[in-house]
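This report concerns only the one structure given below.
For reference, chains read A, B, C, D and E in written order, and residue numbers begin at 1 within each chain.
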Amino acid sequence: MVKVSKKRSSKAGMPAGSLIHIGEKKVDKIKIKLINYSEHDFIEQDIKDIEQCFEYKDEKTVTWINIDGIHDIEILSKLGDCFGFHPLILEDILNTEQRPKIEDFTDYIYIVLKMIDYEKNLKEITFEQVSIILGKNYLISLQEKPLDIYEPIKNIIKNDRSKIRKAGSDYLAYLLIDSIIDNYFSVLENVGERIENIENKLVSNPSPKTLKAIHNLKRDMLFLRKSVWPLREVISKLERGEISLIKNSTKIYIRDIYDHIIQVIDTIETYRDMLSGMIDIYLSSISNRLNEVMKILTIISTIFIPITFIASIYGMNFKFMPEFSWKWSYPVVWVIMLAVIITMVIYFKRKKWF
Amino acid sequence: MVKVSKKRSSKAGMPAGSLIHIGEKKVDKIKIKLINYSEHDFIEQDIKDIEQCFEYKDEKTVTWINIDGIHDIEILSKLGDCFGFHPLILEDILNTEQRPKIEDFTDYIYIVLKMIDYEKNLKEITFEQVSIILGKNYLISLQEKPLDIYEPIKNIIKNDRSKIRKAGSDYLAYLLIDSIIDNYFSVLENVGERIENIENKLVSNPSPKTLKAIHNLKRDMLFLRKSVWPLREVISKLERGEISLIKNSTKIYIRDIYDHIIQVIDTIETYRDMLSGMIDIYLSSISNRLNEVMKILTIISTIFIPITFIASIYGMNFKFMPEFSWKWSYPVVWVIMLAVIITMVIYFKRKKWF
Amino acid sequence: MVKVSKKRSSKAGMPAGSLIHIGEKKVDKIKIKLINYSEHDFIEQDIKDIEQCFEYKDEKTVTWINIDGIHDIEILSKLGDCFGFHPLILEDILNTEQRPKIEDFTDYIYIVLKMIDYEKNLKEITFEQVSIILGKNYLISLQEKPLDIYEPIKNIIKNDRSKIRKAGSDYLAYLLIDSIIDNYFSVLENVGERIENIENKLVSNPSPKTLKAIHNLKRDMLFLRKSVWPLREVISKLERGEISLIKNSTKIYIRDIYDHIIQVIDTIETYRDMLSGMIDIYLSSISNRLNEVMKILTIISTIFIPITFIASIYGMNFKFMPEFSWKWSYPVVWVIMLAVIITMVIYFKRKKWF
Amino acid sequence: MVKVSKKRSSKAGMPAGSLIHIGEKKVDKIKIKLINYSEHDFIEQDIKDIEQCFEYKDEKTVTWINIDGIHDIEILSKLGDCFGFHPLILEDILNTEQRPKIEDFTDYIYIVLKMIDYEKNLKEITFEQVSIILGKNYLISLQEKPLDIYEPIKNIIKNDRSKIRKAGSDYLAYLLIDSIIDNYFSVLENVGERIENIENKLVSNPSPKTLKAIHNLKRDMLFLRKSVWPLREVISKLERGEISLIKNSTKIYIRDIYDHIIQVIDTIETYRDMLSGMIDIYLSSISNRLNEVMKILTIISTIFIPITFIASIYGMNFKFMPEFSWKWSYPVVWVIMLAVIITMVIYFKRKKWF
Amino acid sequence: MVKVSKKRSSKAGMPAGSLIHIGEKKVDKIKIKLINYSEHDFIEQDIKDIEQCFEYKDEKTVTWINIDGIHDIEILSKLGDCFGFHPLILEDILNTEQRPKIEDFTDYIYIVLKMIDYEKNLKEITFEQVSIILGKNYLISLQEKPLDIYEPIKNIIKNDRSKIRKAGSDYLAYLLIDSIIDNYFSVLENVGERIENIENKLVSNPSPKTLKAIHNLKRDMLFLRKSVWPLREVISKLERGEISLIKNSTKIYIRDIYDHIIQVIDTIETYRDMLSGMIDIYLSSISNRLNEVMKILTIISTIFIPITFIASIYGMNFKFMPEFSWKWSYPVVWVIMLAVIITMVIYFKRKKWF
């Protein structure tokens, strides 16, 4: 199950601007990777000391600094001091329960978004907060857990085939965001398959477990939606052209991302509607089964209670009961009983209970 | 059932702008047809090699290129290169899970919409993505499966009766879109008939199958709605006059399409409300039937249980039971039993259970 | 039941602008009436040939042409040609499944709205589409079935008491629309009465029929709403002052109509909420009755099953049962049975089941 | 129960501007009171003939004319003629089923709102329509039934303590509206108490009456809401500063009223949500009780049906039944029966049915 | 339970601007604390007489006056007179049932918001209204009950470490509001834990108490929402830059608060959705249990009723029943009975009732 906001309150009562990591610590050692490229050059470096990065700050080539592990406050502080980031940005990076948002500081923009993944072993959707700081010639990406999507992007840059080498840091930002959103589709496809599975069970053999599964999916959709809706606003802001760091040639690609997000939202809403419909079917199937149970009980009772009564009549011990000594009593009673049974069966047949 | 988004994720991790066909391959051979017309001339050609089309690119007459089958990436690439289309457009054409949208590139506009059809054999609504690229003097329409609606339009152009020969490519675009939307009405009429059928069953003989049918229709409405709502924005953009390729004289026709779409949306919403109401009726009819079943059980039980008790009293084998030897015991017991039965029947009559 | 969109599709595949009557043919002979008035004159004429009207086209006096029966395409064509109406207007007049709308063509405006009526014999609400074309000095009203509301308006004009003679054609349009909307109130009052009737039944004797009646009303509200909401936009457009044909002095009257429509919408929404509440009451009354039925069954069963068991004990035929030969066995068994009965009755009394 | 719109249709078919009183006649004799005040003077008069008022029309002092009883069309006509009111205003005053609204005629503004009251004897909320016409130096208030709130306002003016004497007629209008809205709070408090009462019953002893009471409250909220929502727009218009008759110094007080209305709306919405929740609780409590009933029936049945079967075995009359003549049969049967009973009791204990 | 609006009506009928305390009196003695600071100085004083404060009114240093206990109207009046506050502000401070709002009087702004807390002993959320009046060089905070959050803020100011000493009164206002909103997170975390607890019970052992708990939480969310939504508008107004008292350097911090509020709203909405889903699960679990109960009853009945009937057949006392004297009758009857039992058990196994 996706957890509800936790530990956020540990900050209550502290001076604003205090740097505290809110969230789970997922890696032990912080790993910093630096990639610097221009049309003709490509440098890739594993960085031990964050200060090594600072020399690239004012170079004209594009520098991409990727930091896996954000719980080390000291490193963040140094980074912030060197690049001149507003203290609130550092606070936001550390707080992994941010909503997706974008903040424009003219010289650089700060973007928060959520990477999602479906963990097959845990059978749950995981959220990883990604912070992107985009400057004129640099891009810094920060997250607690290393992401799989960065490797292919690095390869694209390295192999020089793509136009990315000529494009600026804003195109790199586009590539990152696009990869992250592409992952939403994978997760949604997986959800789609789970919905289909549940649907089949709903028809063949509904159980309280089925309901539980539907509700878990519904809750997943709730949390997904919570992280996609604000993302839409973020991308819309990037696209509208108010932000000077995004070049016009990149904007058409941003618009493409925007279309993807709309499609993600559409799919989430559709899934929500489908899941609601499935709950209705589940509930009505329970009612239906109650009806079936009651019909069986009623058929058995209405057939046997009357004939048991007839038998019990002749179980009485009165001395003066003429039927006792009449020779044909016993077969006649059987005939009556059979008549009752046949009448009842016809009645239920007509009511279409069989 | 309408499938939920599939294979979209096959693209995750690939460089943006990679051309991949997402969707089902429905035709084997790609068929290209070219129609070129002006007030006085009309040429119709089946094209084998897409390059044959390119000579018409700069002619003043209106050229309509229709391509059935979009899975051949090479043909699309050539087309895009010749006409100078933005690579994202080619990507969008290939991805058959686009939302309806419109993109204005000043020289040409790109429109995506969904053709819908009700397949009687499959008993389901099918969606076919249609891409339209409208330039000053040409219109290119692309879809995977050939559409029935193009033949009548071709005939209108050919037979010279209509004003279309004098009008430009924007009027041709109007005709195409109008035909596509007219099909929505056919499908909705069919849905309307299915709703009526289900309603009759709902009254005469509701079953879990009826509920399933209602839910299937509800889901169809969900998917229809998903493809009509964005279409509304598309047409609204065309009509508002921001797009220079659409002439003023054509705009009033576009407004007419807009009215039709609003009507389609209205009908979809009405159907959704009606279907929701039908689920209510279904559920309450199940409850009603449970009530009926329980009433029968209760009537039988409350009549026979007490009189069976009376009979069982006199089935006891005590030596000292004065009633046994009394002469009128048996008839008196019958009288008492009949009294109980009559009382009960009157009671149920008063409660209006019969 | 109000029918869902029909025959709209018969037009699919025809060239745009083709004139086809969509809807039911309600009158055999088309009747055209012409009224021409100025401050001092008043002419009323039954017209045989539509061409007789055309001489009034350019007169300064106000001309009101009312046409009952719109299925004759030829008459409409002539009318359109003479007055120079856009072909799409003629198409819209013929299609009786339009949404209420307004189109401003500077020289004239075209208004579509729905006249509603409650047919007491059919017990259903009927919709009649009314088209109004308002020019500087003329007003043309078209509908398939003659409307009752035109007679009183004619009388007001004729009897010269009112200010209408001095006012222009826009004031006449106001009068027509006002009369049509006043009818909405009559229909809603009737609906209000039906709601009250159902409510009484809901308390005294709810049955599946009651539910059916509620649902029919709910559906009626659905269709009413569908025709009133767009009407609101129509009137709002008239009132906002963008349309030059409406004089300022008339605008305050249009605002009055607007208020009425808002009130109609309010009432429809209130009715919808009330009807939803009534369904809740109905469903809970079914549950309540099930409870009642089950209580009776349970009371009877829990009283008689135990005592029947006691009786059956002494119906056993063992040779060595000391109770058989004991003298007071029989009365003691009766005492025990009565004790069981009394205990049970007290138990149910405490549970407040009686 | 609050009645749904009535008699509104009696106007259908009459010329617009016809003066007809729509609503209940609540007082026999119309009472007109005139108060005229300036910083130094205060005149209070009961008026017999409306024409007495007209001399105050052009004085600089503030004149407040209060009319209780609006069904006399003649008086209204005279008033309208003297002050030069637009005929539609008179029509609106007479139609007591108006929505709250404001109309600005530059020289004067016309405000309609609803006074609400909870009638303890009838146990229902009553609505009284109040019309206020505010001119530069006069204010005319009209309603069918005398209102309690006017007396305290008169006293405030009279006792000269307040700043009202120096302020203009717009401040007087503020005082009137403020008093009327203060009454909404009284009614809502009363509703709050009723909700609490019902809630207690819901826990202790829910019955169909409780449901009825919840639904009545829900409907009351529906009607309250209907008269408060448009009021919000009215006050918002007054506050926004488009109306020249409202001085800037008064506007801050209007803003205060606006806040109150928002609070009223908030409370109504909260009550609606609470009432919906209460219906859920009610329905689930019915289901719970059904469960309880069924448990009792099942416990009794599953205990006694098997042991009755055992007893009936030995009630058979076969000649060759070895148990009959065995000495310990009878006690052994008792032991078996007790074993069945104990097993069942343990089973139900485990299932936590006791 | 959170109480619904109370005593608000005690004001009905009084002149506007009358000062009356609406709400609970929570402290006996009013406590006034004054803090005055600039970059270099820091004064902290407990004030006995409100007039002591007034000397700081025109100083350039920042003065923070905190008043715990607002029910003393005299003190408020003096304060209002000295600082020149509009009378409506004093009224609003006294009325503790205000909605959060902001009023800009150019020289000073008035902000109302709600401090919330979860009282563990009462197991309920408490609301405390906080009024903040922010001037160019002063800030006055008023509430009925002393708040815990002020002490840490005082310490931050005192210890000179922070930038607050250099910043103006607007930054102080930011700190106060930020602390108040941080408390919302604590309360929501607590709610989150309660939701998890209930969820576990919902799976293991649902009871009517669980439903009650869910509904109480739902209602809490209702009231929380009611005080957070308007807060959003308040902060949005502060941030948009229309208010001149807020410096640009402070605005970025206000934006941070705004983000927090959006997050609070998001969480509340998520909780509401989750609670609604839990009600669904609860209701379906009741239905499920009814099904279980009915299955047991049906199994027992359908097995024992038929075999009891067989036994009662041979309990009849007819003289001519051949089976009686047949030697193998008794064992054959047992075989038949066992056959019935086995058939039934197989039937129920197939229906998967065990």
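By definition in this document, contacts are C-beta pairs under 8 Å (C-beta built on N, C-alpha and C of every residue); 3 or more make two chains touch, one makes a residue touch a chain.
Everything numeric here is computed off the predicted structure, so don't read it as measured data.
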Set of chains whose contacts include both subunit D and subunit B: C
Least hop count linking subunit A to subunit C through chains in contact: 2
Copies subunit B and subunit A - interface residue numbers shared by over half, same or different: different
Rotation angle (°) superposing Cα atoms of subunit B on subunit E, nearest 5: 145
Mean-CA-position distance for subunit E and subunit C (Å): 42
Geometric centre distance via CA averages, subunit C-subunit B, whole Å: 26
Subunit D residues counted as touching two or more neighbouring chains: 283, 287, 290, 294, 297, 301, 305, 308, 312, 315-317, 321
Pairwise touch network: line, ring, star, complete, or other: ring
In the complex, subunit E residues that touch subunit D: 4-9, 11-16, 86, 88, 91, 97-99, 101, 103, 205, 208, 211-212, 215, 218-219, 222-223, 226, 230, 279, 282-283, 286-287, 289-290, 293-294, 296-297, 300-301, 304-305, 307-308, 311-312, 314-317, 321, 323-325, 327-330, 333
Touching residues on subunit E, where the partner in the complex is subunit A: 149, 152, 156, 162, 174-175, 178-179, 182-183, 185-186, 188-189, 192, 195-196, 203, 252-253, 255-256, 259, 262-263, 266-267, 270-271, 273-274, 277, 280-281, 283-285, 287-288, 290-291, 294-295, 297-298, 301-302, 305-306, 308-309, 312-313, 315-321, 352
